[in-house]
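Structures follow.
Look at the two complexes coming up: chain A is in both, with chain B in one and chain C in the other.
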Partner chain A sequence: MSAPFFRADGVEAGYGGVQVLWGVGAELERGQIGCIVGSNGAGKTTFMRCIAGLNAAWKGTIEVDGRAIASHPPHQILSAGVALVPEGRRLFPGMSVRDNLLMGTFLRRDGSAAINADLDRALGMFPVLRERLSQDAGTLSGGEQQMCAIGRGLMSRPRLLLIDELSLGLAPRIVEQLTHILREINEQGVTILLVEQDVITALELADIGFVMDRGRIVKSGPTEELADDPVIREAYLGIV
Partner chain B sequence: MLYLQILVNGLLLGGLYACIASGFSLVWGVLNVINILHGSFIVIGSYVGLLAHQQFGINPFLTVPVAGLLLYGFGYLLQRGVINRAVGQPVLVTLTLTFGLELLVNNMLIAGFTADYKKVVLENPFGQIELGALFVPVDRLLSMVLALLLTGILYWMLRGSKLGRAIVAVRMDREAAALMGVKVNSIYAVTFGLGALMAGAAGSMMSMIYPISPIISTAYLGKAFVICVMGGLGSVPGAIVGGLALGVIESFGSLFFSAELATTFSFVLLILLLIFRPTGLMGRRGYE
Partner chain C sequence: MRRFDTILGPLVVLALLIGFAFVGDNYFLRLATFMLMYAVLALSWNFIGGMAGYPSFATAAFFGLGAYCGAILQKAGVPMFLSWAAAGLFTGVFAMLLGRAILHLKGHYFAIASLIVAEALREVVNTWTELTGGGMGLNLPVLQMDVTDQARFFFFAMLVVAASTFVLSAVVIRGKLGFGLSCIKQNEDAANILGVDATRYKVFAFVLSAVFVGPAGAIYAGWVNYIEPADAFDVLLSVKPIVMVILGGAGTLYGPVVGAFAFLILEEVVWRNVLTFHSGLLGLLIVLLVLFMPQGLIRVTARRLFRRTAAP
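Up next, the complex of A and B:
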């Protein structure tokens, strides 16, 4: 049996003396969409930060395509093909939309022709950004900012795209548009792992779901199964 | 006519002030480090100009690149080796660190060069341009042009180059920049090096204008500080406007009061500015 494309095992991490993750494990096959759901403070964002290298993993392993990346610096993890769209978008507010997108290509060495082609592709996905190219990213609406942030993440040509809080604060119409685009990205071969507070959206979009509670994965499996699980229906969907 | 002459004198000096302040402001804006060493960097640049002139008879304009590159290297290594260890700390910690380094470097300068005032006196001065009753010394004019040119290059580099974009990105959001693959600690070292480069280059030109001594480093630091606050922190255009303004203010200050009081005068204006327009003349937004 071949090893999964993405694998985390026994990941422990925290801030200063406060431990947040208590042995988190998750696996994704190449080309899958995974989602992590759970209440506030469960450790979802910390886990994403660990994968991207913003936080060190105190213990445990994280592997992408057989390559160990736990506690590596962010630029090495990005070179390994992992890009994070962080919580709160974190665009560079005083930079133009174009420069924000181009920041995503910082490590690329494949020349401006390939980069321009990808810029065009990203703008094809998010046509509204084309009209805003020279505008400061700080002036965009929430939905446009999320599009710009996802576009920026894609500009590094990742094989694993991490998205922390896809739909937070966005109108339902925008969320629908974004999930549609994520499926498109996924069909082009990008494996996706997202954190999502809207469980219905998450279970609809993803193939595999992970339920996180107090720093542990308490349940995982195909999303159809999770959607039928009575405990999850009660705790997260409010349906008995 | 006298006022016009004073204005011109102020602008000539202000160009150099802009150059000095742009480096200080860059470091402050990107690293959130108030670099107390900045004045000593300028003094080292002046000594490069002085020594080259004394030993080899080289004009201090020609040592501008030498002083700049030397200080770039010094600044880069200092950041890489020492200051990067404290860079994420509250500003008081880094302030204390650069203050300590300043004591060290400045006392080494005093031990090496003594605290006596020296000056570069050119054997072949460039003369002056006369426009009616207006006198413009050519060496001053040249140093203003060169200083503003360097500041302009810094501005262009920050806006137009890949390295510049990385520096601006780190300034706006350190973590987001790291997610783009930017090595934040390297960018810090490069930025600190660039700040020192601007100081060294200006210092080399200052050697023809200002008396040279390790003990005037605090006067330079004070000027850089005033300009940064006047122009708005972390902006190159702000440093240019603030630098020219300080040059003019000092010029008129020494006319109306006395040369000794010129600095006091500019600090009084600074306090007034802080009360009535705390964002600085150019406001504050990104590093542009």
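Up next, the complex of A and C:
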């Protein structure tokens, strides 16, 4: 059997003297959607930042398509095809929506024709953004900002898209819209790993789930199985 | 045509400055040389402070280092122009090493770290008497020239450095580096996520903020013929450029130049008229200016003009 598309093994990391991740491992096949769920402070965001290179991994390996990326600088990881949509969106206010989207192409060298085609494709996915192209990104609503951030991530043509806190602070209707779009993106061949605190949404959307607790993956598997697991149902879904 | 429009303004200013050198008297030449020196410092600080948003107080360190580097080399017999170039190179390398050491710090921490560099260097220069003359200072060879010719010569030397700094600023602001720096200024994390190699960009901006300040210091040393640690590493050399850039418009191309010009005029007028309270009054004026035009002089006029034309 060939090696999985995304593989993390024994990842340890933290901030200063405080260790947050205690040997996190996860695997995804090409074209799958994975989700990481867990309570606050479990280390989900830290793990995402480790994959994207914003935090150094103290120990362990992270591989994408056979290429080791652990503790590489962020720009190298991005050119390896891994894009992060960070928690809280992190758009550049004061810049137009168009410029924010184009920021995603900072490292691309394949010319403006290809970039414009991708911009068009992203706008086709998020029609709202087309109406707001020249508007200041700081004036967008929360949902529109998340769309813009996902669009920006897509503009780098990632093969693995990381999304930290997809639904945080968004209306349920918007979340539903976003999950449809993520499926569409996934069908176009992009592997997705997302962190989601809304466990029901997460388990519905993803193929594989990872349950994180106090810096470790305590359970993982196909989402249907996880959704039926009595321990998970009690701890995260509040259903007994 | 638009391209021509954008370089027309700077060319006119350049022509005026050159013409001015042949009609102005020594007093005005001295003022103009100072203005050009201020412009170099302000444009340089703009790279790291204005574009990247890192409040550097290292300008005085670069200036003093350049001044001493130029002076020591000239005393050792190195030709003047070569010693100026060497001052630039030396300061640039110093900034690169320093930048790698302190650019991971942010905000106040970075400001303090950059502030103490000049202090440390001053102490080194103070105690290294064999090389630097210590607290007694260093005399430079006097040029065999008529006084007016000499003033004109140093004016032109400063003009070349200022023009180079300006041209490089224009290139950086319009290029990928400037774009990356403005992203770092807004949100360094997001810039990293999008593939901006923030560390490399910041170090580059920091080096840019030093390479022209070094030669300016070396030229200054030749111009005044005598340098001493307290003068060459004066903390005001770090503070004034920041004030000029904020006064003119941070992160813009023309802002630092306008700010340097405005600052020099203010400084000179206040100093001449209110000798006993000049720094107090100057400070007060600057506070008022920054309070009422936080975006800088350059943006105020641009917005006014825009409003006038945009009205239906």
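Methods note: the second predicted complex is superposed on the first by the 240 of 240 C-alpha atoms of A that agree within 3 Å, B and C clash if a C-alpha of one lies under 4 Å from a C-alpha of the other, contacts with A are read in each partner's own complex, and residues count from 1 in each chain.
Just so it is clear, a contact is a pair of C-beta atoms (placed from the backbone, for glycine too) under 8 Å apart; a residue touches a chain by one contact, two chains touch by 3 or more.
Computed from a prediction, not measured in an experiment: that's the story for all the values here.
On the shared subunit chain A, the superposed partners chain B and chain C overlap sterically. By the touch criterion defined above, A:Pro73 reaches both chain B and chain C. After overlaying the two complexes on the shared chain, residue contacts for A:Gly104 are found with chain B and with chain C alike. Applying the stated contact rule after C-alpha superposition, one finds that A:Arg121 touches neither chain B nor chain C.
Once the two complexes are overlaid on the shared chain, A:Arg183 sits clear of chain B and of chain C alike.
By the touch criterion defined above, A:Arg214 reaches neither chain B nor chain C. Within chain A, the residues touching chain B in one complex and chain C in the other are 52-54, 73-75, 78-79, 83-84, 86, 90-95, 103-104, 106-107, 152, 156. Chain C meets chain A in the complex at residues 176, 180, 183, 186-187, 189-190, 192-197, 199. Taken in their complex, chain A has these residues touching chain B: 52-54, 73-75, 78-79, 83-84, 86, 90-95, 99, 102-104, 106-107, 152, 156. Within the complex formed with chain A, the chain B residues making contact are 162, 165-166, 168-169, 172-173, 175-183, 285-288.
Looking at the complex, you find that chain A touches chain C at residues 52-54, 73-75, 78-79, 83-84, 86, 90-95, 103-104, 106-107, 152, 156.
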